[in-house]
Amino acid sequence: MTLALEQTLNGLQFGVMLFLLAAGLTLVFGIMGVINLAHGSMYMIGAYVAATSAEHGAPFAVAVLAGAAAAAVAGAVVEAVVVRRLYGRNHLDQVLATFGLILIANDGVSIVWGRTPLEMKIPDALAGAVPIFDISYPVYRLLLIACGVALAVALAFFVARTRLGALIRAGATHRELVGALGVNIVQLNTIVFALGALLAGVAGALLAPILSVQIGMGEQVLIMTFVAIVIGGLGSIRGAFVGALAIGLVDTLGRAYIPVLLRAVTTPDLADTLGGGLSAIAIYVLMAVVLIWKPRGLFPVSSR
Amino acid sequence: MTEPLLAVRGLRKAFGALIVTDKLDFDLAAGETLAIIGPNGAGKTTLIAQLAGDVRPDAGTIALNGRPIVHEPADVRARLGIARSFQITTVVPTFSAEDNVALAVQSRTAMQMHFWQPARADERLREPARAALERVGLSARAGVRASDLSHGEARALEIAMALACRPMVMLLDEPMAGMGHDESRAMIDLLRTIKTETTMVLIEHDMDAVAQLADRVMVLVAGRAVASGAYDDVRRDPVVRDAYLGEN
Amino acid sequence: MYLATLLVLVAIPILAAIFGQPFWVNAATRIVIYGIVAMSLDLIVGYGAMVSFGHAAFFALGGYVAGILLTNGIDSAFVTWPAAMLAAALLAAGVGALSLRTSGVYFIMITLAFGQMVYYASVGLKMFGGTDGLPVPARSTLPLIDLRDATVFYIVCTVVLVAFFVIASRLVESRFGMVVRGAAESERRMTALGFPVARYRLVAFVIAGAVAGLAGALWADFSRFVSPDMASWTRSGEFLVMVILGGIGSLAGGLYGAAVLTGFESLFSGFTEHWMLVLGIVLILIVLFAKRGIYGVLAGRRHD
Amino acid sequence: MLQFRAVCAAFIALLLLGTSASAADPVKIGFITTLSTSGGYLGEDARDGFLLAMAEEGGSSLGGVPVKLLVEDDGLMPAKGKEIADKMVLQDKATLFTGIIYSNVDLAVVPGLLAGGATYVSLNAAPSQLAGKGCNKNYFVVSWMNDNLHEATGQYAQTLGFKKMVLLAPNYPAGKDAINGFKRFYHGTIADEIYTSLDQTDFSAELARVRADQPDAVFEFLPGGLGINFLKQFSQAGLKSKMKLVLSAASLESRIVSATGDDTIGVYGTAHWVQDLPYPANKKFVAGFIAKYHRDPTPYAAMGYDTAHEIASGLRAVGGDLTKADAFRAALKKANFASVRGNFRFGSDQEPIEDWYSTQVVKRGGKNEIVTIGKVARDLGNAYTSLCPL
């Protein structure tokens, strides 16, 4: 039982972090109709800059902000230089160009930082573990859950209650209308793109102390992020939240329990073989099932 | 008494709280041209969509030649003989006009897949396609990309495609929408020649066209048929005048 | 242009012999096999607007089927190649039937999901080597023709390529092809005309999958090694890059894309460790400025 | 016509670029290694160690023989490695190879090279398939036989007296081998064997299982980035105070230590080479490496360096003439060079016989270092030697 609680917390933590990435990706798709494979690179940049800032003595919070800011700036630059030219182009062109951006980002990072993974320490105040019932859970992971949920709430508030948020909502469903209102679409796009990159950068910076900060970290998480937003329905922030949590939980609980369950019904050797494979594909099976059941995801956005 | 070609009974469709088709019953006799008129939002296009199979009704039956088709998807209904034009021209934009009509000719054998013979050199497709283009007056434009046709030409192309299917029923959703006066004239003349040889359901706002083409007029208001009959009778119906024509 | 391409294909082994560079034949064989896959992918992407992000799964399955048969001593090409095609076709039928319920980005993602499932399945199957891959003991055999000879094998692959090019060229101009192409642009219209669009698409998908499977079998023969990375999503991505790079919807473009991507790597990786950076920039420039890829550049303005 | 010319011109350009690379004289050494992906730094260190040895001779020769090192990145993909090998054999006519880091690439590449008559000197991967019955007269292993890596760790865990352990490895053949190797020398209770995915970054689910199992100690074989993530998360989960970690050399090296900070302090390890080994060759290597690259060397760097010297000894004996195959082999087999590990020689199967050390991470002068504690095994060979007909 306590194991289940711990695994659920782990799944939640993974899910909310995935949401930070998914929110940006789904907004960019919803508003600009762009598939941005380079979103993972923003996450990587956030992590690298945060880790480097921390190494040069920046306090933890400052390092995270630096990472987020760097990702936002990178996002704005990428939008202005490349992505802006991809609006209205077909998805294939977008995939190819943003794939090119991934290559540039990865090689760029290896030129600046080298290939050795970077380390970022957890601040001492957050390093311990707290007892929850009879398990002790890392404070830092609880903080991640809290940050993720807080940012999700802030984002929901921002989209629902602010003028910019209203434009973003309108933009997701009625792009022409927003243009007709005399809003500077070019600027709105840059802002949204930078906002998405910022959230990805926050995720990268927050996860840097847990994960190794290394080249290629963006692509691993990118695929999962796509799975999450596709499950949720492209363009839907609510969908991204549900999808990200579903992925977080299914992936974590799958890894925790599929091998154990299999061991109960087959030989250990077969269980290990199958278990590893099955838990790795669990999220893809989930996505395929959702799409077969609802071809436009759980919360389809009407206009697209 | 002969069986109606198309029989609609108790058709109902709602989008949430909005009822767009409300217990609709009507028949269509072979050779008849039925015009459906009504104010915007009366549910005309949704009705066509339900007849064609693009939208599933919540309740009711549709029978073509006595065969229930309400559960058949759009492509099956098309093969059973329902051809349609769309409110917004829907053709294959990068194909030439002749290619588009040739596809319509080919659709008569839609279930057969031929993988080898070049379709563009196949006179069994091209010859009927040219004939259909000729009928709608597009012979000179046969080789032009559909997306390069003028609006009126593209509408005529859709009619040619519907013709080339040799359907039992043609469902035409505002064939004259967006046309200038002369284009409309030409289209009305074209449809008059066609109506003698097929059965037609026509949505139209242009009352001139309705007067000239329709054997019978059905007036839809908020999803319900408030009147049905010959154009002149319907025009004089006080309910209709009140709900619809009175606005003019 | 086709004549020149054919001439180059024929000239390669001759020039390789003259200059004493047997590696050219080797490199050209690789390009030809990738070209077959890219062409098969172009058939569905370029003509059917079915952007499959899981095409490598069919390539890998074909490779594994041939590899497993060869490992078990069944070496007639009349068995290994058709078996690979059949297996890939069956997989494509299943994947296609489920995936074609979706469209657009959702189709991209669901094919990716199925691709990942195949990938993890190949990783999990330890009896076939798992991540270590499966060494293939010998090439398939044909009567009278010695496939062990590099040049002969190259010629056979080229014959397959040219044959498929001819077949595919006829296919896209046939009645069947017109329907698939029409549906790519206006699914509504093709449905309203009475074409069972999903069935046509499925047939196209299965043909493409089967040919990718055949290419996989050729690859197993060629490299005498099959491994899960044949099925990885990055491999699927590379195939898409080849198609777009070469010129989408041009069939022959697939070969050019394969040649450029493969050639690019072997040329630049010699000069600089950071060749991926260069590739990234080139990809972006091609998307932004050469809209019909290499084919478009070579063919000049398209006529129709 | 224009298009025709364009295709031909492009092709000729490609040809010219291809031929320009083929000048003849120096001995070509194919160095196929992993430079990208999360395992990229492993190959980078191996290459840099090798280059350091070359630099001691001025940078372009080994054993007084001019050499040209052809370095290419296999991207951790077996098929890619094979592609590169084919190219180096056919285009560059290389007959001497080294560099491969990962066993799966090794198994795809090396048998083909050996079958073609080339010589392979391994600086890292040495899977069991190529030991024993699979041995070959042209195959030399300077580093370790894969099993040794984990056998030594199993031995050390046994010596440390752990009663109950949990073992973790990625779900791939080398992972299974690691766990089997460990179990060959460790005889306590094994509470759980956990297999992870090779591309996994978060180990929270596995750590929760470890916590529930309550072992005395944990053994993991998670090389490169995998290990960094695991060690950080292990410490963050509060498990470090509850149980010990005992790791093999692949999972505990200077880059992992530097990337995990204080999370590795106190962790036990085993290695055949440690930075603080007192041999003169090692002192020279460590000083030279730090001076040249400004970072601490890993075992991969040490093995790159040793392998270069081993190849140098062979080249010197035949004056760079690799057609004298028998003489070259005989010279290689003598291992006539001063290894950074001190005691090193080849067994009859041309796999190493060497000492293994126990290590621990300690903080020394503000820096975390892996230090030698003692010897776990002396002259450790491998379990397959008797099966090798050589």
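Order as written gives the chain letters A, B, C and D; numbering starts at 1 within each chain.
Methods note: a residue touches a chain if its C-beta (ideal position, glycine included) is under 8 Å from a C-beta of that chain, and two chains touch if they have at least 3 such contacts.
The shown structure was predicted, so the numbers you read here are calculated from the model rather than taken from an experiment.
K.L.:
For subunit D, which other chain has the most distant CA centre?
P.N.:
B
K.L.:
When the C-alpha atoms of subunit B and subunit D are each averaged to a single point, how far apart are the two points in Å?
P.N.:
About 73 Å separates the centre of subunit B from that of subunit D.
K.L.:
Could you please state the distance in Å, as a whole number, between where the Cα atoms of subunit C are centred and where those of subunit D are centred?
P.N.:
From the centre of subunit C to the centre of subunit D is 35 Å.
K.L.:
For subunit A versus subunit B, what separation do you get between their C-alpha means, in angstrom?
P.N.:
48
K.L.:
Could you state the distance in Å from the CA-based centre of subunit B to that of subunit C?
P.N.:
Chain centroid spacing, subunit B to subunit C, equals 43 Å.
K.L.:
Scan subunit B for residues touching two or more other chains and write them down.
P.N.:
Residues of subunit B never touch two or more of the other chains.
K.L.:
Going by the contact rule already set, what residues in subunit C reach two or more other chains?
P.N.:
123-124, 126, 276
K.L.:
If a residue has to touch 2 or more other chains to count, which residues of subunit D qualify?
P.N.:
Residues 35-36, 171 of subunit D each touch two or more of the other chains.
K.L.:
Is the way these chains touch best called a line, a ring, a star, complete, or other?
P.N.:
It is other, because the touches fit no line, ring, star or complete pattern.
K.L.:
Of all possible chain pairs, which ones touch?
P.N.:
Chain pairs that touch: A-C, A-D, B-C, C-D.
K.L.:
Give every residue of subunit D touching subunit C within the complex, in rising order.
P.N.:
That would be residues 2-4, 6-8, 11, 14-15, 17-19, 21-22, 35-36, 72-73, 77-80, 82-83, 86-87, 90-91, 103-104, 107-108, 111-112, 171-174, 176, 198 of subunit D.
K.L.:
Help me check something: in the complex, which residues belonging to subunit D touch subunit A?
P.N.:
On the subunit D side, the touching residues are 35-38, 40-41, 44, 171, 193-197, 199, 201-202, 204-206, 208-209, 211-212, 225, 228-229, 232-233, 236-238, 255, 258-262, 295.
K.L.:
Touching subunit C in the complex: which residues of subunit A?
P.N.:
That would be residues 29, 35, 82, 85-86, 89, 91-93, 95-97, 99-104, 106-108, 110-111, 223, 226-227, 230, 234, 273-274, 276-278, 280-281, 284-285, 287-288, 291-292, 295-297, 304 of subunit A.
K.L.:
Using the touch definition up top, name the residues of subunit C that touch subunit B in the complex.
P.N.:
For this pair, the touching residues of subunit C are 170-171, 173-179, 181-182, 185-186, 188-197, 200, 203, 304.
K.L.:
Quick one: in the complex, what on subunit B touches subunit C?
P.N.:
Contacts found on subunit B: 52, 54, 73-79, 83-84, 86, 90-95, 99, 102-104, 106-107, 110-120, 122, 125, 145, 161, 165.
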